[in-house]
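Both of the next two complexes hold chain A, though its partner changes from chain B to chain C.
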Partner chain A sequence: MTTLIDNVFNGLALGAVYALVALGFVIIFKASGVMNFAHGSLLLLGGYLTAVLHDAIGFAAALALSVLVTAAVAGAMDRFLLQAGGGADPHTAAVQTIVTIGVDIVILTDLSRRIGGDLLSLGDPWGDSVSGLGPVTVADSRIAAIAVSTAVIAGVFALFRYTSWGLSLRASAEDVEAAALMGVRLVRVRTLAWCLAGALAALAAVFLAAFPAPGLERTTGQIALKAFPAAILGGMSSPPGALAGSLLIGLTEALVAGYQSELTLLGEGFGSVAPYAVMVLVLLVRPTGLFGAKAAIRV
Partner chain B sequence: MSERFPRPRAVRLGRTLALVAVLCAPPFYLDAFWLRIGLFSMAAAVGAVGLGLLSGTAGQLSLGHAFFLAVGAYGYVWLAGEPGPGLPTALAAVLAVLLAGAAGGLFSPVAGRVRGIYLGVATLALVFLGNHVLLTADSVTGGFNGRSVAPLEIGGFSFSSESELTVLGVPFAAEERLWYLGLALFALTWFTARGLLRGRPGRALAALRDSETAAAVMGVDVARHRSAAFVVSSMYAGLAGVMLALAFRRVVPDYFGLVLSVDYLAMIVIGGLGSVAGATAGAVFVTALPLLMTRYADQLPLVAAPGSTDGGVGPTEAARYLYGALIVLVLLFAPDGLHGLVRRARARLRERRGGSPPTDTTPRHDPPRPAVRAKEPTP
Partner chain C sequence: MPEAPPDEEPALIVEGLDVTYGRALSALRSVSLTVPHGTVVALLGANGAGKTTLLRAVSGTLRLHRGAVTAGRVRYGSTELDGRDPVAAVRAGVVQVPEGRRVFAGLTVDENLRTGGLGLGRRRPAQVAEARDRVFALFPRLAERTRQAAGLLSGGEQQMLAIGRALMAAPRLLLLDEPSLGLAPQMVHRIAGVVREINAQGTAVLLVEQNAGMALSLADTAFVLEVGEVRLSGAAGELARTDAVRRLYLGESAEPDHPAATATRDGAAATEGQGAA
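Coming up: the complex of A and B.
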C-alpha cells in the first residue's frame, strides 16, 4: 500500500512538471501551428542560467532572471527567425517547425559544450530534505513541484480566460483571418505566447533538476520529449487537456517503473516508454486526444 | 525538367549519358571517405523520397521514419545472419523491405484515423517503442551493442572487400562496389517514386492532402490511400535501412533514434516538400554536410585543435553550430527549400537570356500544403 501511495505521489509530481512543459508546447502550437523542437533546449537554457547565477545573486533572483531571459530568447526566436520569412507561404508552419530544429541544434551544442559532463546544482531551497506525509516520506522538492505547478498553471488559465491577450490568442487559434479582421495583432499575440512558453520551460527545469534527480545535466532537455505524448493525450487544442494528459503520463511512468519487477515480460526500462504505449492506445480510441476538439468539416 | 523545353532527342540522350557517366566515375577517383559520404547520401535519399511521398505529397506528418529504417536494417541483419534463418542475402534484403512495408501496414489502424500533428506524435511513439524493443530483444537485435551485418551477395558476387577485384587498375573494395549498388537502388527509387507521383496514385494523394472531403467526393478511397501511402513510404524506408546497414556494416539501436527521424523531416523540408528531386537534394545536404564539416572544421578560424581543454570550440562543435545555422539560413531565405531556390534561379537565368518568361503549359507540381496543419479549412 505504501508503495502504491509512494508511486502515485511520484507520478503526480512528475506529471505536474511535465504539465509545465506540455502547456508551453500547446500554447506555442495553438498560437503558431508550429511544433517547437527547440523546447528541450529552452528548458536546458533556463536550468543552466539558474545554475550559473544562483551563487552570485541567490536562488530566487537567479530563477526570476533565467525565466525572463529564456522567455526573451523564445520570443526573439519566434519574432526574428520564424516570423521573419512572412506568412504568405502555404507551408509556413512546416518550414518553421524545421527552423526550430536548426535553432535547437545551435543552442543544444553550445550548452552541451559549456556543461560538458558536469552535474550542475541549481541551488534550490529544498535540497534533499524530506517530509513525512502520513505513512510515506516524500521529498520536499516534489511537494514544491506540485504546489508551484498547480499555482502557475492556474495562473496561465486565468490569463487565457480573463485577459485580452488570452482572448486574442484563443480567437486567433480559432480562426486567424477573422481574428486579424477583428483587430487582433497576430504578430504580437504570437510572440507573447512563445515568451510564456519559454518562461514555463525555464521554471520546469528547476524541478527536473531538483532532488531526487542528481542535478542539471546536458541530457535534461530530452525530458521535454515526454511532453509530446502528454500534450497529445490531452488534445493539442486544450490546455486543461494538457494538464490531464501530463498527470496521466506521470502516473503511468511512475507506476510502471515502480512495479518493474512484476512486469519483466515487457523488458527492462519499460517505464520510460510506457507513456508512448498509453498514448497510442488512447489515440486509437479518440484520434484527437481525450479533450481535443473534433474538427468540424463543412463543405 | 527537360519536358518544359522540348529539345532534340539526341541532346536529351547525350545529357542523360553524361549524367550517368558522372555518377559512375567517383569510385575511380575518390577515396573511401568520399565514397562513404556518397553511400550514406544515397541511402538517405531513398528514405527521404519515401518520407516525401508520405509527408510532402500525402500530407501525413510522420516522425516515425527511423523506426521503419530500423525494421529494414534489422530485418536484413536478422534474416541473413546467425542467429536467424540465415537466408541468402539477396532474398533477405527483399524480405526486409517487405517486412518494413508490413510494419507500415500494421500501423494503418492508427494512420487511418489519426491526423496532422496527432499522427506526428503517434509515429514518434513508434520510434521510442521500437528503440525499447531493439535494446531488449537481445536474441534478435543483439541488444545495446547491435549486430554486425552480413555483406550482400548476388549470384556469387560479394559486396565486400573479401575477394580481390581490380577494375581498370583501381582496386575495388566494399565502398566501390556498394557505390554501384547504391546507384542502382537509388535509380529504382527515383523512377518508381516519380511514376507514382505523376500517375493516378500521386494525384489521389495530393487531393487527399488538399481536402479529404473533396477527394472522397471525387471517388478517392480515403482510408485505403492513407494506409497505402504509409505502406509504400515504409518500404522505401526499409530499403534505405538495408542500404545503411550495408554501408555501416554494423547496426546499433542508438542510431535509429528520434534524431534520425527529425533529420529525415529536415531533409524533405530543406529540399522542398512534394518533389523527388527536392527530397534527394535535402538528403545530400543533411547527410553530407555534417560529415564534411566535421572533417574540415579544424581549418576554420577560431576553432581549437581537437582534444584541447581550454574551453574553446572544437571541430565537432563548430560543425554542429554551422549545420544548425545553415538549416535556419536556408529556410529563412528559401522557405520553399533548395528545390524552389533552383527553380527560381533557373527562371531568372532564362529571363536574362532574353527568352520569354516561362509560360507553363506543362502541369507543374503545386506547392504543397503543410504536413503540420491545425485543422481542416472550413470555407
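Coming up: the complex of A and C.
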C-alpha cells in the first residue's frame, strides 16, 4: 500500500513537470501549427542558465533570469527564423517544423560542448530534504514540483480564458483569416505564445534536475521527448488534453518503474518505453487523442 | 476622382486597382469604385469575378492568400489601406464579415463578440458594453445564447453572430461578403432588414452578393464585376432595369437575340459573363 501511494505520488510529480513541457508544445502548436522539436534544447538552455547563474546571484534571481532569457530565445526563434519568410502564412508550418529540428541541433551541440560530462546543480532550495506525508516519505522537490506546476498551469489557463492574448490565440487557432479580419495581430500573438512556451520549459528544467535526479546533464533535454507523447495523447491542440496526457504518462512511468520487479516479463527499463506504449495504445482507440475532437491538423 | 473628403465623412476610394495572386494570376484589373459615407453599395458578379478579392484588398488579407496589390490605391478617408495589414483597416473603421460566416465555432457567442474588439486594443469596459448592447438590440437572439458555443448555432444565427462580431469594432464601413449565402429565404429577408438598420445607424456598407435582387433592393449604387474588371456601374435602381443585369443576375429569361439597341458594354457584359460563369 505504501509502495502504491509512493508510486502514485511520484507519478503525479513527474506528470506535473511533463505538463509544463507538454503545455509548451501545445501552446506552440495551437499558435503556429508547428511541432517544436527544439523544445528539449530550450529546456536544457533554461536549466543551464540557472545552473551557471545561481552561484553568483542566488537561485531565485537565476531562475527568473533564465526563464526570461529562454522565453526571449524562443520568441526570437519564432519571430526571426520561422516567421521571417512566411509571415503568418499558414501554409508553411511543415517547413517551419523542419527548421526547429535544425535549431535544436545548433543549440544542443553548443550546450553539450559546454556541459560535457558534468552534472550541474541548479542550486534549488529543496536540496535532498524529505518530508513525511502520511505513511510515506517524499522528496520536498517533488512537493514543490506539484505545487509550482499546479499554480503555473492554473495561471496559463487563466491567461487563455481571460486575457485578450488568450482570446486572440484561441480565435486564430480556429480560423486565421477570420481572426486577422477582427484585427488580431497574428505575428505578435504567435511570438508571445512561443515566449510563454520557452518560459515553461525553463521552469520545468529546474524540477527535472532537482533531487532525486542527480542534476542537470546534457541529456536532460531529451525528457521533452516524453512530454511529446503526452501532448499527442491529449490531442496536440488541447491544453486540458496535454494536462491529462502528462499525468497519464507520469503515472505510467512511475508505476512501471515502481513495480519493475513484477514486470520482468517486459524486460528491464520498460519504464522509459512505457510513455510511448501508452501513447500507441490510446491512439489506437482514439486516433485524435483524448481531447482532440477534430484531427489535430490546422487547415 | 474627387479629393479625399474630411475624416468626419470618410469614403472608401478604390482607384485603378490591380491584384495578382502568386505573381501570376491576375484577379483584378484597374478596378475603381467609391463607397461614399453612409451609403450602401452593392458589388455583383459571378463566381470568380473578383468580388472577394476586392474585399481582401480593402481589408488587408490578400497576403494570407498569396495575393498582392500590383497597381492602384485603396484608401479610406485619409488612411491609405493598400499594402497594410488588417489591423490598419479595423483601426480606420473598416471591418469585413467574411464569406461563409467563419464564426469561431469552439468559442462561445460572448467570446466571439469579444474577438470583434481585438483590433482596437485596450478599450474601456463601458465602450465594450455599449457596443455589445447595440449588437444585442439588433440581434436579440444572440443575447439569449451568450454562453453557447458558436458552432452549435443555426446558419442564420451564425450569420447574425458574424455581423455582430464585426459591429463590436464600431465600424464606419462594413464589408459584407455574401451574407445571404446558404440561408433560408426568410432569413435572407431578416439579414436584408439588418443591413438596412445598420446603414440607418450611420454605417456605410459594401455588400458583395450573388443574390442580386436582394442586393439591388438595398443598395444606393451598384457595381458589376466581370472577370476582374468593372463592367457596369450606376444607381442600383437603374442597373436593376438593364438587360444584362436582369438576364445574368436576376434570373429573368434571356432574350433569344441581342437587341441592337442595347449598349455595347451591356453586350460585352453578357458574353463575357457567360464565359466567366
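The definition used in the following text is that the second predicted complex is superposed on the first by the 289 of 299 C-alpha atoms of A that agree within 3 Å, B and C clash if a C-alpha of one lies under 4 Å from a C-alpha of the other, contacts with A are read in each partner's own complex, and residues count from 1 in each chain.
Here is the rule we go by: contacts are C-beta pairs under 8 Å (C-beta built on N, C-alpha and C of every residue); 3 or more make two chains touch, one makes a residue touch a chain.
All figures in this text were calculated on a predicted structure; none of them were measured in a lab.
Here chain B and chain C are compared by how many residues of chain A each touches, and B touches more. Judged by the touch definition given at the top, the superposed model places A:V273 against chain B, while chain C stays out of reach.
With both structures placed on the common chain, the touch criterion links A:V148 to neither chain B nor chain C.
Of the two partner chains, chain C is the only one touched by A:A179; chain B is not.
In the overlay built on the shared chain, the residue A:L65 is in contact with neither chain B nor chain C.
Within the superposed three-chain model, A:A84 lies in touch with chain B and out of touch with chain C [touch as defined at top].
Within the superposed three-chain model, A:I5 lies out of touch with both chain B and chain C [touch as defined at top].
Touch criterion not met for A:V130: it reaches neither chain B nor chain C. Within chain A, the residues touching chain B in one complex and chain C in the other are 89-90. Listing the residues of chain B that touch chain A in their complex gives 109-110, 113-115, 117-118, 120-122, 124-125, 128-129, 131-133, 135-137, 212-214, 258, 262, 265-266, 269-270, 273, 313-314, 317, 320-321, 323-328, 331-332, 335-336, 367-376, 378-379. Residue ranges of chain A in contact with chain B, taken from their complex: 29, 33-35, 37, 81, 84-85, 89-95, 97-99, 101-106, 109-110, 113, 173, 225, 228-229, 231-232, 236-237, 267-270, 272-273, 276-277, 279-280, 283-284, 287-289, 292, 295-299. Of all residues in chain C, those touching chain A in their complex are 59-61, 63-64, 66, 85-87, 89-91, 95-98, 102-107, 111, 114-116, 118-120, 165-166, 169. Put simply, chain A touches chain C in their complex at residues 87-90, 164, 167-168, 170-171, 174-185.
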